[in-house]
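Right, one structure below, let's go through it.
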Amino acid sequence: MVWQRTQDRQPDQLRSMSFERGFTKFAAGSVLTRCGDTQVLCNVTIRPGVPKFLEGKGQGWLTAEYRMLPGATSQRQEREFLKLSGRTQEIQRLIGRSLRAALDLERLGERTIIVDADVLQADAGTRTTAITGGFVALHDALNPLIEQGELPRSPLRCQVAAISVGLLQAQPMLDLDYIEDVAAEVDLNVVMNDGLGLIEVQGTAESGSFTRNQLTQMLNLAETGIQSLFQLQSQALQVSA
Amino acid sequence: MVWQRTQDRQPDQLRSMSFERGFTKFAAGSVLTRCGDTQVLCNVTIRPGVPKFLEGKGQGWLTAEYRMLPGATSQRQEREFLKLSGRTQEIQRLIGRSLRAALDLERLGERTIIVDADVLQADAGTRTTAITGGFVALHDALNPLIEQGELPRSPLRCQVAAISVGLLQAQPMLDLDYIEDVAAEVDLNVVMNDGLGLIEVQGTAESGSFTRNQLTQMLNLAETGIQSLFQLQSQALQVSA
Amino acid sequence: MVWQRTQDRQPDQLRSMSFERGFTKFAAGSVLTRCGDTQVLCNVTIRPGVPKFLEGKGQGWLTAEYRMLPGATSQRQEREFLKLSGRTQEIQRLIGRSLRAALDLERLGERTIIVDADVLQADAGTRTTAITGGFVALHDALNPLIEQGELPRSPLRCQVAAISVGLLQAQPMLDLDYIEDVAAEVDLNVVMNDGLGLIEVQGTAESGSFTRNQLTQMLNLAETGIQSLFQLQSQALQVSA
Amino acid sequence: MVWQRTQDRQPDQLRSMSFERGFTKFAAGSVLTRCGDTQVLCNVTIRPGVPKFLEGKGQGWLTAEYRMLPGATSQRQEREFLKLSGRTQEIQRLIGRSLRAALDLERLGERTIIVDADVLQADAGTRTTAITGGFVALHDALNPLIEQGELPRSPLRCQVAAISVGLLQAQPMLDLDYIEDVAAEVDLNVVMNDGLGLIEVQGTAESGSFTRNQLTQMLNLAETGIQSLFQLQSQALQVSA
Amino acid sequence: MVWQRTQDRQPDQLRSMSFERGFTKFAAGSVLTRCGDTQVLCNVTIRPGVPKFLEGKGQGWLTAEYRMLPGATSQRQEREFLKLSGRTQEIQRLIGRSLRAALDLERLGERTIIVDADVLQADAGTRTTAITGGFVALHDALNPLIEQGELPRSPLRCQVAAISVGLLQAQPMLDLDYIEDVAAEVDLNVVMNDGLGLIEVQGTAESGSFTRNQLTQMLNLAETGIQSLFQLQSQALQVSA
Amino acid sequence: MVWQRTQDRQPDQLRSMSFERGFTKFAAGSVLTRCGDTQVLCNVTIRPGVPKFLEGKGQGWLTAEYRMLPGATSQRQEREFLKLSGRTQEIQRLIGRSLRAALDLERLGERTIIVDADVLQADAGTRTTAITGGFVALHDALNPLIEQGELPRSPLRCQVAAISVGLLQAQPMLDLDYIEDVAAEVDLNVVMNDGLGLIEVQGTAESGSFTRNQLTQMLNLAETGIQSLFQLQSQALQVSA
């Protein structure tokens, strides 16, 4: 038996993806990123100075915060208040590492970039959407500094995007929605740069295990999907914000 | 000297106000409320059961949570994590009290309503915008329960709206924006129902003090402004969501 | 039907109020303030320096902390430990704002005043008693600095006092005790200076709403009551501590 | 050289000690206990039920909370909020153990007694004052239950009192005040019952060490002092509260 | 240039690995696991009942806690107290997921297994050592239940082990020690079962990115290493504890 | 009736005590201390600088942290995370005070010593074992500084050791194990230096009270036991680590 995707989506087909730049007015970069019914508001702030452990090293830093609004899921979720769940911490560390990989931190200079990824609506894939959309917001936040000459050249050294892949009834599927995510035997998140170098690979068997061969198939799907994401990012950025 | 408002706004003139209903898909009621450059996402959840102190009393409850996204202001603000500021607590208690005043809690039955007011963009008046928009989201969240016959009749007993007034150079002004809020000598928040009954009056002298006469003038302005808000709420609710 | 007050108290009659100055020995100002059965210990500390946000501005600051002892009410209340309730935060912010209104902060110089209001016994009106008694303790704490010439002139620019008013069976009543507070339809707290300027007005409908006319009646009562409080403060301060 | 005590106090002389019963009105037992300039308000609450670990064992429990008001010392101390200091925890555990030793917990039945010891003014000896005064408040809180027949007989099986002793310039001194406490080489707290049985002995060398012989001398002093305290407790309790 | 390993270790050579079973006496399973200079004490507790979200589902659960003793590294590290670092949370979630994959949770029945992995000495590879040694402790903790007939058959369905691999100067190396871990361009952790199925793959580029081909080479190394670990686990378990 | 000790231990007989020096590799001093079935890992770290309150006074400091591993007792205990129990705080303060008594803090200079006492296995007497073993680890951590000439002479001014004594069926017993500890009517912990000076005496009646005479008998037992401990410490330290 083969898993039937909603709206006849093909196993290698991305959900509809869009980037609404300048979504809010006061953040340096602000992109409402939609991937199907998943909506993540990526706000980017740049400020002078670096954390203690980097002081005097002549380089910058990027860190990320990730949260879900309580109403983002059909079952309302409590705000994380006194402590962050392990899931949230893993995700915001992943977003931070992935977007740092897009930066030449020395070219950035002693500045700290904060990427706030707030999930307004969650239908799976929130971490990968945050990375892919966060890159666009990062670009928008850096642009004025380059235009005003504060940065002699862009600290961006590549595009970065991310996608999820899963095994459903032993078949690889690209860009899972919530129903698929729950049903998947294996869940794989892949982050790549536009040279098709791997930045992060995280694969987890939710039940049983998976073979080396299945891993290869899933990575193939991810690579194709991410190539499309790079095109969508480029198109979005060609329009002036 | 007289305070000059941006865009030639008159002392008794509201900022442009709009309600984008159904802004997110999974919350029972979801209204992106805009008041000038202030944007508050009001999500309403209804769930069975009541807090401990109300169990077995045959009535429902409504509570509110209020937060700012970090990128809502030009200066990024840290998330409130280990403790809520006094300001945030005051605001969410005010939102809760004000919207409870719109409800017949016995007609609601043993249900708890949670109003999440998340400020996406802040240009002053976030608490009053949350109340005025929260009412619309509350209406939308209750509607399906009434239509499906779970509630024999609506637990709403009146409309509720709120507005701020300030004294600027001793002159009363309606609906302050951020620049005005910072400059105001007195800050007054007023919540009323559509019978023009007062639900809450909170006036604070930021410097010096104010006279009984000035209080009367400010309340007059607030009353006029809130009457317009009731009309805007009604218009928004006439369109099917 | 008319609400019958205990001990035939008239609607416009304050409870018996007293200030026991020098109640403890080590605090700079220490006043056990009694208002009927409500007892609040107001201790005032003055220390050099100001909070970060005021450094280098040549002015001082005043902040307040408010707590109830666990045995202050007939039902023992837990100490607030890991977080302050919204009620406590609102009250201590109100005390702080109100007593700052009595001060010329520039004349105070770079000093921080801390007002600790600890409720030993609670029969309603604790926040207003803390403000009225806190003023006396503030006066006592500043006096030695003036006498020793550390402050060239007193930073006090006016007296400040506060009182509660309520609507009981639609009739305004001054200075509610606990039984009245629970029964009141509307609860109003008013803070004024001795020029009869309003510093803070906070009115809340506990059920239903109230009219503009009722608000006026309540403010009239408050004004009369606060005038008496100014006399009592003055009398207390004429005796040497 | 011999340590000179203030006001020519003898090495074996207690400070003036008094018990102001019924100090507050709402707590079941409320005693303002003064020992020289140390003032501790001991409020006792009795309520039905016991902690989890004692359920169904047919016995009661007693627990204590100890705090200093911020203005109790000449240098204002911050309130303990997010965590209790080790000192505070040690003291409240000691007060609890000591007063439990005065009780027959089975005769008490499934009730929990809470002793709140709030230090209004601190001149050393606060823990021993809390124990000695806490016993009086405990007595007052239990009395109505006995008089109303809720308890067939008193659960008190003995009197309990406590005192501090120190070594100052190698000489034992009874009931140290703050200046002595700071200067003492050894600090010893002793809790006894009125059969002169030891309940708790805690001796600490602040610098160097002490001999077995010095320990004996200090225990002799403590025993004499505590005998006087038992008399003072008895006198206080003979007067009706 | 090629990376030179300490003690002439080959790129595909594991460090010396040992399992000291019964290391402590009171835990059901207790294995001090040594991998080179890394030492992790794996204690396993089994207790009746399951977490809320699993009640009544007729299955068991396994959860893990991971901590470093402060003296485990040459630079003393503070204990994690008020909050867990993201790193710690990621690791304990990984240990939990990995060891759950060794269990048939239905055969386990409504029991909860807690794996405490406390690092006594850290020279990199603590998480993989915790998984590989945790499996042995898990076996030891389950054994008595099987022997006493409480469990009709073993809930273990496979062996589970884990190893790290890195890229050093673009060359894959097995089982990194601390110096290598710091220098590695890519860090990969792999968890497998004894059918050579993948349970978890986590690869992170610390600088730059890695190719699909390099990923394959690293997975090959990991697979070989883990096969050796299965043999070492089997040998350790053949001896009676 | 007389209490029968396991393995025919005499009332004045210590359990078998050993010090495994250099137990871990990275801490400056690391001693696994065994006292019967109690095992405490004592790790000592020395670092430059002192806490705020000692800055510029030309002296050093020593502080201790005490924890139990969750698997140290037959009933697994939760880790202390958000707050330390009163018991843990009392113990780590006692360890700190006791080992500071072994030091000439001025000779130590502006250094801070941290003693981490982690209980791997608990059969009562963990605090006294931590002190006695902590002294050995302290010696080992200081030695390299003396040998390398960083410290001109050893800051150790005496040996320090500790033991527990109890009353069981009114008879004094030395060095209680867990079963004895639970049954004891009185629990006494004694810390001494090798001049047989008392550093700390803490005696608590768990039920009833104890006489001055019983206290003397218990102190006699403790003194004999501690003399043996000093010999064992000396023997352990004669062997090079």
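Should a chain be cited, it is by its letter among A, B, C, D, E and F, assigned in written order, with residues numbered from 1 in that chain.
The working rule: a residue touches a chain if its C-beta (ideal position, glycine included) is under 8 Å from a C-beta of that chain, and two chains touch if they have at least 3 such contacts.
In this text the structure is predicted, and so the values were computed from the model without any measurement.
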Touching subunit C and also subunit F, the following chains: D
Lowest number of touching-chain links that must be crossed from subunit A to subunit C: 2
Centre-to-centre distance between subunit E and subunit C (centres being mean Cα positions), rounded to whole Å: 61
Between subunit A and subunit B, centroid-to-centroid distance (C-alpha), Å: 34
Overlap residues in subunit D, where contacts from two or more other chains coincide: none
Direction subunit D, origin subunit C - full chain order round the ring: C, D, F, E, A, B
Of subunit E, residues touching subunit F in the complex: 24-27, 30, 37, 39, 41, 43-45, 47, 65, 67, 69-74, 76, 79, 81-82, 114, 116, 118, 120-122
Complex interface listing, subunit B residues touching subunit C: 83-84, 86, 89-90, 92-93, 97, 101, 192-193, 195, 197-205, 208-212, 215, 219, 223
